[in-house]
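Have a look at these structures, which come just after this line.
Next come two complexes built around chain A: one with chain B, the other with chain C.
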Partner chain A sequence: MITLHINGLPVSVEQGTTLLEAAQFMGFPIPTLCHKEGLSPYGACRLCLVEIGEGPRARLVSSCTYPAEEGLQVRTASSRVIQARRIILELLLASCPQSKTIQDLASAHGIQQQRFKQEYENCILCGLCVRMCEEQMMAKAIGFRSRGEKRSIGTPFDIQSEDCRRCGACLYICPACELRCTYTEPERAICGGCANLRPPCLEKEGFEDMMCYMDPCVACEIKKD
Partner chain B sequence: MNPKQIEKIIDDHHNGNQAGLISLLEEIQAKYSYLPEEALRIVSQKTGTSLVDLYGVATFYRAFSLRPRGKHLISVCLGTACHVRGGEIIASEFQRQLAIKPGETTLDHEISLETVNCLGACALGPIVVADGHYFSNVTVKKVEEIIHKARAGLDRIDIRSDERIFPIEVSCSRCNHSLMDKSRYIDGYPSIRVTVSFNLKHGWLRLSCLYGSFSVDYEYQVPLDEVVNFFCPYCHAELRSSSFCMDCGAPMVPLLVRAGGMVQICSRRGCKGHMLDLTGVNV
Partner chain C sequence: MEKVKSLDEFLSLHDRLVVGKDPDIPTLIIPAGTCGQASGANDLIRITKKELLNKKLTEKIRLRITGCHGFCEMEPSVLIEPWGVYYPKVDSKKMVDIVDSVAKGEVLKDLLFIDPITGNPIEKQSDISFFKKQVRTLLSRNEKVDPIRIYHYIENNGYVAMAKMLSSGHPSQVIEEIKASGLRGRGGAGFPTGLKWERLANQTNGNGKFIVCNADEGDPGAYMDRSLLEGNPHSIIEGMIIGAYGTGATKGIIYVRNEYPLAIKHLLIALRQANQLGLLGENILGTGFSLDIKMVRGAGAFVCGEETALIKSIEGRMGEPRQRPPFPVEKGINGQPTLINNVETWANIPIIMGLGAQEFAKVGTEQSTGTKIFSLVGRIKNTGLVEVPMGISIEEIVNKIGGGPIHQTRIKAVQTGGPSGGCIPAEMFHLPVDYESLTRAGSIMGSGGMIVMDEHTCMVDLAKYFTRFLKEESCGKCFICRKGTQRMYEILDDISAGRGTLEHLGLLQELGPVVKDASLCGLGQTSPNPVLSTLRYFREEYLEHIEKKRCPAGVCKGLITYLINENCTGCGLCLKSCSAGAIRGEKKERHVIDPKECIKCGVCQSVCKFNAVETR
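Take a look at the complex of A and B:
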């Protein structure tokens, strides 16, 4: 067992536990975006930042990937952490303003506006879809391509993948997904899972017997039970 | 592209283990000048690496290209030092003159243009590298000259200084008619003209007469790894010997050497297998 201090309180956890798990165990909320139970930690969004260490050596780390260490001092809501988180949320809003998930997170942190150049990306490169497809659906149909500015998610050669079983899991998990599906060009769509649906809204347009991946919906905000 | 060749590269490369994926891709790229889609699929199947991961690697590194590259590669450095010395202007001048963007290849498949981030010769910037030859302190005026030199072939073999290379004169092994063609020069020497046919196409092919040079010129582009049938343009007999290439197994093409003896070349495009048998001749 490893003993560490989170916000001053001692906690003992097993070797290999992440700071995020330890903090959640203690009931300290840490917002996450690219972390989902059942998928391996990836540390892409940096929203789960916490501060570790003391004095000048204190630094920010992503709690979803950082393993607990003996005697570590962790602060989950210091002013430095809150400030960094707010900047990250502003940056996320700047790239993907249409995401309901990001909007919700931002408003929970009291952010009213973002100060960066507004863009309308359809992906924040959180890698959730890639991990979902590989780890839960065992398909490995989509992945990261290129690097830097050009980094993107998709199938090899941008054509429909033979490995994709069109389960829709990647759409389901995506926090920015309403634009993810490029249904007007089915052969370039990320998996073609919804090529035969008729977005944007099934329910409003009366396609009751069809399946809708989004719950709650990111675009039309219909809450389904 | 020949699936067998890819499989051979894979087998030779790593004897079935997964290590060295990047150097494997490098070898394929060296052979085809790019990574054909088909090749990546075969690599994925044979090594058990998922296609997604392969594609990720192939798109991650600048050194790999998924589209065919031209015969000559011009890289313009846009690293910090070259950038402040005007690399950007040089790059756009190349784009203007070649009418392509970085990462593209001219329509005649001759020249590919790319920009790179640092070539490690910052003090001499702006740097341009054409087929491995460095040009320093490049100005807009020099751009045209570099393109011209690249097209002419910077890698052209220097015949006088390289002793392994010498011109030969050949004739048809059936009718003994000389195959030398003085109307068209390759590598600065009269070319060897034969007729080839493949895939229902039938046309001339000119080879360099320099033993050791593999420069060719053709009427119809022969796809890499294609085995073609050679014919004498005069007696129309098929030029085909009973022996097979030691490198790839394709039939060999026999040609009589004027000075005596025989040279055999492999009939597979891109294969460099050949045999020289100058019986009783002092070279």
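Take a look at the complex of A and C:
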């Protein structure tokens, strides 16, 4: 067992536990986007940042990937953490304004405006779909391509993958486009994002017969019109 | 090449080689690194060879083809041993004369280096101000060694330290020595090398440990690792053998970027020769110690210089960093303990072993020992690779070694540490160059790029250039680094185009520290440095762009207009070269630029011989 301090409270966890799990065990809320139980931790969205260490050596790390260490001092909501989280959410909002998940998170953190040039991207490259496809569906049909601003998710050379079984798990898990299929609960769809968000993969030919966990699918209906 | 099977055999080979060389025979040394070859060193070599054969001088004069000596600006150059005579920028037509003069024992006065300050010719390389102030522990070895001949390296005491260490039978002594030397990682972060090695040595050796040489040098304008790999590959191999012996590693990997074809060629030759001679591979020198070194070529991503991304790249996966811990020393390539050091760090190891730790630690400061190679480039008289003791002031590097500004301008800042480094203004040039002082000033040591800037460099444009590089080279895994660099670039672009507002500055200052704090790896954590350091020291330049819509350096295209002043003689050169047809005027009369048609390409300014085109 490892004993560490989260927000001043001692907590004992097993070897290999991440800071996120330890904090959640204690009931401290930490927002996440790219983390899902059952998928390997990735540390891409940086929302789950916590501050560790003391004095000048204090630094921010993503709690979903950082293993618990003996005697570690963790602060889940220091001003440094909150400031970083707010800027990240502002950036997310600037790139991907129509995701309900992101809107909710931004609202919970009191963000009322974003000061960057507005973009309308569909994907925040959190990699949940890639890990879902590889780790849970055992397909490895999609992956990351290129780097930096050109980074995207898709199949190699945009050719339809033979490994893809069109299970739709990638759509199901996507935090940016999950809202597309909430039509049975219209009260949840407050932003109208459902009409706008198309998963990028649906634009490619050969995916028309994609299975959807909601049937019939709103996005597909809209697309036909 | 016959295998050397024991220490005695090796030492007798070494003695034979040392006795066999006659130091009095004049030797023509032609540096033919990438810089030399690009400026025509191959022609000089061809002519010299032909000349020596035709005139039957092969017994009287020797020829040695080496890697770069550092003064890249003066290539192709010729150095003559043992006199130390140095001819810069040699015209291939003059090469015959040089060979003749060496045969006669004369010096060609009119081909010598001219001191840019006094205007006097200087005969010896060691008297040139560029070389005089340097402490060339590593780079001077480039002159002595032909990189594709292992015997040359052994002749100059190469592999001797390694052989003695291996036969001593005390691996722990290696680590003690490195710790005592105070050597710190030359890749930029400055982690004590001895401590890192000790941590690897303490790991249990299950399926073998790895040592890696990180030669993925990607900073724009920095090339010290390349010149070491090209000029003296055996020193890196020797360093790695010593390191492997000290830490118990059995597998070595040299990760070189594929953009360095000559370095790769020389390394492969060196590895083959060392293997053939029995200095590498199974049972080295009969001591029972084995090390296998392989080379891996990187596909050219800046981020692969980061150690966790480098490991992924070696494993054949996408070069993306991951969270540390676990550190590579615990879990690296294929889950095995892995030690990663920079090229320059490895090249320092044989020197420490040869000199002894105490002697090595005498150079430099208490916290940062030894020498460091910088690639000194930008708007100064002498550019090239300079090797200086740690703790030397920036002033001395820029003004003494670099020779001060070109033309009659004022140097305003120096940018250290490559794209993730920061700018240090001229007022702070008294700062000593070591890891701590540079970090305190908002910059980093980095791998050793040093770009000098004068009044014709716009700091906003500079920050924009580096941020653009970083936004393209960010791996894109973590959101804050990918979007943060993109957004910073966007704002800088607005400012340089005259669309900037004061809110933009506030936003930059808010965004920068968060990108620094929240990013996963070193690339993201240092990526706001160019922006934040220029904002810190050159805020008034930003304000000038925003409030007065003016670029004081005359660089930002959106804020300047080109004008032709009274110096114009009406030669018509600019008129002919203007692709937009924006220049009008009669012959021998002052020309005019039509600002409506001008596309601000700057060609007129570069072709004008009378300094008549100015920007405002």
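Operating definition for what follows: the second predicted complex is superposed on the first by the 177 of 225 C-alpha atoms of A that agree within 3 Å, B and C clash if a C-alpha of one lies under 4 Å from a C-alpha of the other, contacts with A are read in each partner's own complex, and residues count from 1 in each chain.
We adopt the following convention: a contact is a pair of C-beta atoms (placed from the backbone, for glycine too) under 8 Å apart; a residue touches a chain by one contact, two chains touch by 3 or more.
Only a predicted model underlies this, so the values are computations on that prediction, with no experimental measurement involved.
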Which superposed partner A:F144 touches (first chain B, second chain C, both, neither): both
Partner chain(s) touched by A:R80 [first = chain B, second = chain C, both, neither]: second
Touched partner set for A:Q113, first chain B, second chain C, both or neither: neither
Partner chain(s) touched by A:F157 [first = chain B, second = chain C, both, neither]: first
Touched partner set for A:A44, first chain B, second chain C, both or neither: second
Residue contacts on chain A - larger count, chain B or chain C: C
Chain B and chain C footprints on chain A, overlapping residues: 144, 146-147
Of chain A, residues touching chain C in the complex: 42-46, 49, 59-62, 65-67, 69, 80, 83-84, 87-88, 91-92, 94-95, 115-117, 124-127, 144, 146-151
Residue ranges of chain A in contact with chain B within the complex: 140-147, 155-157, 161, 163
Partner chain A, residues of chain B touching it in the complex: 37, 40, 50-56, 59-60, 66
Interface residues, chain C side, partner chain A - complex: 301, 303, 318, 322-323, 325-326, 471-480, 482-487, 490, 503, 507, 510-511, 514, 517-520
